[in-house]
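You will see chain A twice below: alongside chain B first, and alongside chain C after that.
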Partner chain A sequence: MRSNIILGRGDLEVIEMLNKYLIDKIVGIRNVGDGKLIIDVKPNNLVDVVNVVTDKLGGIFVTIVGNDARSIDNSFHNIYVFSLDSLKTYLLIRVKLDPESPKINSITHIVKGADWGEREVRDLLGINMVNHPDPRRLILPDGWPEGINPLKKEFAHSIRPELNNSECYVPLRSDDVVALPYGPYHPLLHEPEYFELHIKGETVVGVEYRGFHVHRGIEKLGESRLTYNQVPFVAERICGICGFVHNVCYCQAIENAAKIEVPERAHYIRSIILEIERLHSHLLWLGVACHILGFDTGFMHAWRIREPIMNLAEALTGNRKNYGLNLVGGVRRDINKDSSARISKLLKDIKHEYDRFISSLTAVKEVIRRLEGSGLLPKPEAISYGVVGPVARGSALKRDVRVDHPYAAYKDVSFKVPTYSECDNMSRLMVRVDEVYESISIIEQLIDRLPGGSILAENAEVPEYREGFSGIEAPRGEDFHYVLTGRFSKVYRWRVRAPTYNNIPALKVMLHEVPLSDAPLTIASIDPCFSCTDRLLVFDVDKGKKFKVSYKALASGWKP
Partner chain B sequence: MSRLSWIKTALEVGVVTKKYPFERVEVPDGFRGLPIFDSGKCIGCTACANVCTPDAIKVVNDFTNGFRRIEYRLGKCIFCGRCADVCPVSAITITKEFELAYTGDVINAIEIKFIKCVQCGQYYTVSRHLKHVSSKLNDEALEGVDICPDCRRRSNINSLIHASGVFR
Partner chain C sequence: MNIYKKSIWVFHLNTGGCNSCDIEILDVLTPYHDVERFGIKLVASPRHADALLLTGPVTKEILPKVIDALLAVPEPKLVIAIGSCTTGGGIWYDTYSTIGGLNELYKVLKEEYGVPEPSTVKIPGCPPKPESIIYGIALALGVVQQKVTTTTARVE
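Take a look at the complex of A and B:
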């Protein structure tokens, strides 16, 4: 039983450290579960606290949760989430802000990864980020009226404000730098996202990212229209490839908030399906990587090997994707004996096929040469951006939520966390290559030890106004969900931070000074999932100039 | 391993692409496809509509003409099968049907008659649901199920007042 009193894993150590470095800055502390701490600090101390957390406690930035809590304690909340990997703890730092004109000092100069999170709360909650280096919007479109912040509680989810004819974005124009549009619709990007590559000759010298074209307002939907057990079905539609992670992550966050004890068997089934999802996702990515390199034979074979995994998922859950498996408190479908046998056999076949695929792939020198040494992301940058998943592990950062913050059944299995230190596209590929083997082994172990018992907690009740959160190691890295439960079986606040959200900003580093031909591959090397993220990077290009043009002018056929 | 291994693999594996739709694709048992509603079984309890995430199931209460309509909209359905999970009389079956692309909107509706309160004569609930609930109650609890909540409240208050003896 997880309770408020029991401190787990690194908690005591963390509290000791907090005592030592931050005793005079902390105004409140709460333990919401094993390895889950929330501290309250005064807004004017935030920068100091973040400095200590990153320097002394080894905190890596995860995300920012903004919350309009005016109806609860008459303030806005900003919660800065850090992962203390080595202490196996999530540390949440909460500041309470003025209800009338909320403002807080930016921390982007300390952790680069906070850039997006800060701009997001500014867009969606109207919180003023003092000294933030980038005044532009992140999520709201250019024509969105000033002063309307969709995550404020007074804003109804069904409202569609009239967009005005404000100035809208135009590509950079300069004499010696060419702005090359990559997206928003591009054969190699399977979702609408816009990268503007600034090139000098053949070399990329800068990149500008514009995303959130497909922002669907899922958090708002969850907070206003859906009940606890309806959210999982929307959560898994956040991502078309690894939707199950969002589904589990949300349920775990609610279970953490409501202290619901999930049956062991449900934990195991969740882990099995999570690993099946990783298998198909990594194989999908390997195929796409081959395709981008012009090696379509590899693409075809990767996807051929992947197909039986999709069929397996279909047999186990009732669908190839959108498994619809989770409810708060457990899962809806059991895995029977026949299925276990089928899984074991299939894993053997796949291992064999995959071995052959990988050794053939590494024999193709053109592929390897393109991957080696391109798209470098040095370790210190990886830490500052708070990158996650294979991108982090490809930059020698040994971080994996399954190990750092164990959930579901991962505490019961043993597996390796592959890391590579070359920090290039090849490293990121190799991490995924190795992880497929680890996933196969994890599923085998889980099937072997699958405990009996029920699969859904009985009469799971969710109390009002409790906080909980959860991290999950998705195929693309750490997924993070935060919930604050509300009244009438609804979440008051549901925050989703998908892995790609932390990885895209680091592309600024990876794409610096690379040949143009390596750009698509490097962008693909983070295995971006834009739909998840939607939920700008600037380079000082010498003599760069920007123009603006009105929406009206554009609509009536403006030409450069 | 030489790159010739790709050719070897290709020859060994052969053609894996199926000629769908000319060749049928079988889906496994337990596949979550089109839900089918049995209008003969449905008691109009609205449980399915309450759990349906995308509002594919809608409840329309027509008090003038005396019926409740349970509408299912195919175009909104995400095939989660939650409705079948919660239906107390197993009126919903999740089928293996998946070739459902259609340009219009398909609405299937079940209409269930309302029943009138024996005291005031207003429609107040659907007859089948009442029957279903009644079959699970003992005689004592059954007393007053044929009158509407409003009338029941009134008669409860009346009997309370009576029992208290204020207006003897």
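Take a look at the complex of A and C:
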């Protein structure tokens, strides 16, 4: 599994720093591509290493990948992913755990963002997180039997154990707050998720979250029933809004693992469709945000402007959503000359319409007053939670995977990364407003420079037991996929970390002390995409430290 | 199937779908397709609705809530199953955390609650285009005639 070391960009600098601070703690170091480092450490050194990576190297937490590698080297693997944005490097820290009773020290007290990742690994792989502050289940449905961890290789993807119906979700209440259910079906949430807002007077003082209602078991499906070239089509079904992102991200991870050279034209086509997706996603969000504000005219206009983009996607790929365009090694359909001319004309029209829409939107005083100063997420909190995308950029954190870890054709185009430092809902809205202009400009540049040549790598072979990973800037932030290839053209481990997964925990901060009427808007301001987040299974509750909590079980069953 | 003489009001229930059907539903309501001109309106509570729009393969976590919502819709109720996942479970037909689509949901309804299957329109597609969603609803209202008939294939 050893690949040749190709050092580039920040790699040398990172290795130098690792040598300086951690020379005695690192067991092995590998480079799996430009700006992609994997280090092995002993489990008992993990906390020290994570401390150094976050303090000295400026690492921002991305995710945790758990892996049942008992059939490869008789151990469980836990891989902690950090992004060193300034050094343009992904650093993966791997620990190997005991196959019989795997356990590892929790790092949640150092990086708050690791909370969900650790609980997910515990749910799905049965790895014990020592000293984790929250013993509750995150992902699996209520009443799921103990000891059945779906991602362990001995369990089939089709196990459907009897659920224990007496176990049900118990909200935490205290006497001096009013608990207000928001979901699982709420007119302003278009997906099933349950927030319980704790209200004191008119102010939100705490929030409980029970998510992962949309967990469908995609990772397990990809590892069991499908071959590596079928997975892209399922990856697209992770999310109906930003599906193409997952699709490209998976393909890039496999290409990284197998060292497949993708033709330049395929890179350009991928980037064009990615930007088209960003356009429609941001317009969709702007519409929904207007709707939540009670400004339905804005909602209708945003969706009116969005419709030609959907038609364009259909013309280019054959479907309005779920394009089925990618294979490992390239794309399946080409863009012809006529489409280029059509895209240019359409973009011009959209820009004109969008200009008018935005100038009228920002002229509505009621809209601006609702947005300004609500849902604050200060920069230090943003770093600790590892938030991504417009949420990070709205908190003055200049993070954009397209710049930090360039992929596809983004190295060939120039664009601005809009950041705002007010850290409120307005900042997050303005980031998205500006990004639409940037996306239009990126597509124009890509169309101008579209190179010729083939669109699919020939004879792309995927060797066994190679690992690769990839990050992509989705409309909602950084999307991260990790793959370990397996035997018989299958994927051994496929891990998906969607952007919303890192952003939801930060809602605890954003919702604190906001007026109740701003809560739906604040929740929407992270552009939550629950189907992405829930591809596994989840359970989460925030205790809200400010008040005493008495446990009061509701009557059994789910009736509100 | 023409049980509704007047406008139908719909409640949108995501039963574990990936969002693409859901955004196509919203798309149907916005200016390009604008189904409100046919009197079709999205409402905020199942108790106000004539029809339920289901999208997704019905996950185990969501099952009790879906049943609650279904039972809350007054009779005569109509279920409009949108997308391949809902109609037959789709690629998730046997995964560990879903129940595998509408038929399984109806089985639970019948066995555990004694509720017969409501009238149902199935609109397959991944996602179905806005036009097919409108067509499906028109079918339910008896505006157009159904062109496809059911055939059963047995796989040994």
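Just so we're on the same page, the second predicted complex is superposed on the first by the 529 of 560 C-alpha atoms of A that agree within 3 Å, B and C clash if a C-alpha of one lies under 4 Å from a C-alpha of the other, contacts with A are read in each partner's own complex, and residues count from 1 in each chain.
Everything that follows uses one rule, which is that a residue touches a chain if its C-beta (ideal position, glycine included) is under 8 Å from a C-beta of that chain, and two chains touch if they have at least 3 such contacts.
Nothing here was measured: the structure is a model prediction, and the numbers come from that model.
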item	value
First (chain B), second (chain C), both or neither touched by A:R332	first
Touched partner set for A:A315, first chain B, second chain C, both or neither	first
Partner chain in contact with A:L37 - chain B first, chain C second, else both or neither	neither
First, second, both or neither for A:A409, with chain B first and chain C second	neither
Partner chain(s) touched by A:I241 [first = chain B, second = chain C, both, neither]	second
Which of chain B and chain C A:L57 touches, first, second, both or neither	neither
Partner chain(s) touched by A:E307 [first = chain B, second = chain C, both, neither]	both
Chain B or chain C, by number of chain A residues touched	C
Contacts of A:F212 with chain B and chain C, given as first, second, both or neither	second
Set intersection of chain A contacts, chain C complex versus chain B complex	234, 237, 301, 304, 307, 322
Residue ranges of chain C in contact with chain A within the complex	12-24, 26-27, 30-32, 44-46, 56-57, 59-62, 64-65, 68-69, 91-92, 94-99, 126-127, 129
Touch list for chain A against partner chain B, complex	226, 229-230, 233-234, 237, 297, 301, 304, 307, 311, 314-315, 318-319, 322, 324, 332-333, 356-357, 359-360, 362-364
Residue ranges of chain B in contact with chain A within the complex	1-3, 5-6, 9-10, 13, 16, 27-32, 51, 53, 78-82, 85, 94
Interfacial residue positions of chain A with respect to chain C in the complex	140-142, 150, 155, 157-160, 163, 184-185, 187, 190-192, 212-217, 220-221, 234, 237-241, 243, 284, 287, 299-301, 303-304, 307, 310, 320-322, 529, 531, 537, 557-559
